Amino acid sequence: MKLKLRYFAWVRERIGKPDEDVDVPDTVTTVGELMSWLASRGEEYAHAFQNPKVIRAAIDRTHVKPQTAIAGAGEIAFFPPMTGG
Amino acid sequence: MKLKLRYFAWVRERIGKPDEDVDVPDTVTTVGELMSWLASRGEEYAHAFQNPKVIRAAIDRTHVKPQTAIAGAGEIAFFPPMTGG
Amino acid sequence: MTTITTVRIQSEPFVTAAEVAAITRGRTDAGAVVTFTGICRGDENGVPIASLTLEHYPGMAEAEIERHVAEAAARWPLIGVTVIHRFGRILPGDDIMMVVTVSSHRAAAFEAADFLMDYLKTRAPFWKQVEKTDGKIWVEAKATDDEAAGRWAAAGKHQAAE
Amino acid sequence: MTTITTVRIQSEPFVTAAEVAAITRGRTDAGAVVTFTGICRGDENGVPIASLTLEHYPGMAEAEIERHVAEAAARWPLIGVTVIHRFGRILPGDDIMMVVTVSSHRAAAFEAADFLMDYLKTRAPFWKQVEKTDGKIWVEAKATDDEAAGRWAAAGKHQAAE
């Protein structure tokens, strides 16, 4: 499954890029599984996702939970809890 | 006892003047008694003080109650409840 | 904490932005500014009005408002508070009164503004006269306004006399 | 009641007075205007800061704020609501964000501003980075802020997902 990923704040800093296009294996079906798969892609990803509980996600600009299915998603974003203005 | 009296809003309108100097008999010792004495001074005063419960008073610019003594007062004001801005 | 307080009762219009700048200019400890502006509406309960006339007791009005501003400054950590209240004839669309509160944190600025507004809109030493097509009438004190102001009564010992 | 709503996310400074005038100009049903302005302080918990950098998710940030503005307009009788939030590098003393609420009555304007501020200062889609003398650090979400925002949770069904 082809997806656009976006990263913000320290997730972006740790991974070292603001966005990327990925091709996700079919075994990855939820947001939580996507985080685990990303964490396995290298040291920078492992660092970014080392504590998945503090990472928030959005599918197509709407907040989602780790158990949310990624089927049909266009853009998935990962970021720390928002801190307001 | 010589006093300066000030009237505001419809109390002023009914009495027909914003202020006046009066010489109050010694038998008048409280704010409430002063209102009764004023009400006896003519039709316009009787009209202004016909319902003393809705009239508020201040001695030297501080809110007071009807039972407050007027001894030592310089300026006594009568007015309706304040309505704010 | 020293609070910069300003109270003015005037017939002239005011400029809220200038009052905010007078408090915050050149300082970096202000994190939150709340302003409330009361405007003369063109109707009262659906009946059109031509104007509002505000009468006050010069000297007493300033003292009463200053007392409430001092109470706000004692209850919340405020950098500055400014209250301006106009008197005289005011037309629909024109400003009547204004409260500015400045603090390091938003809760203090907000609660202090709420406290002062409750007071100013209900028990400030002004009498309001409304001019309608059938003449001028004095506005009577509203019970609901008194209830709103009563929220703060616990800490205001002076309120017993009002 | 139709509410005039405006949400802007911009790097440029804003002028609060101009935003108020844009809502109230030429109308006589506005009786109360509340503004809240959040300013960049020169210190964080006593430690001096050189600047604040705000990052946001373009598109999502606007949509999230607009959703909360629409909720405020549904809950209170508002004539207008404007929210402006800046992003990028902001220096101490500069404005960060602004809420303006306009209503016929003060309670609606005040409560709506309080509701929006609680949201904007805690869960608005921004990430804050503070630059101190020893480098830049990301600000972590505060539990106390979340509690303040939680006051409004009962009526916000969307909040379950956040």
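We call the chains A, B, C and D, going by the order they appear; numbering starts again at 1 in every chain.
Assume a residue touches a chain if its C-beta (ideal position, glycine included) is under 8 Å from a C-beta of that chain, and two chains touch if they have at least 3 such contacts.
Predicted model only: the values in this text are computed from it and were never measured.
The minimal number of chain-to-chain contact steps leading from chain B to chain D is 2.
Separating the CA-averaged centres of chain C and chain D is a span of 24 Å.
Averaged C-alpha coordinates put the centre of chain A at 75 Å from the centre of chain B. If each chain is reduced to the centroid of its CA atoms, chain B and chain C end up 27 Å from each other.
Across the assembly, chain A contributes no residue in contact with two or more other chains.
Residue positions of chain D touching 2 or more other chains, listed in rising order: 38, 121. According to the touch criterion at the top of this document, the contacting chain pairs are A-D, B-C, C-D. The touching residues of chain B, counted against chain C in their complex, run 6, 8-10, 58, 61-65, 77, 79-85. For chain C in complex with chain B, the touching residues are 38, 54-55, 57, 59-60, 63, 85-86, 96-97, 119-129, 138-142, 145, 161-162.
Chain C meets chain D in the complex at residues 15-17, 20, 24, 26-43, 92-93, 104, 106-107, 109-110, 113-114, 117, 121, 148.
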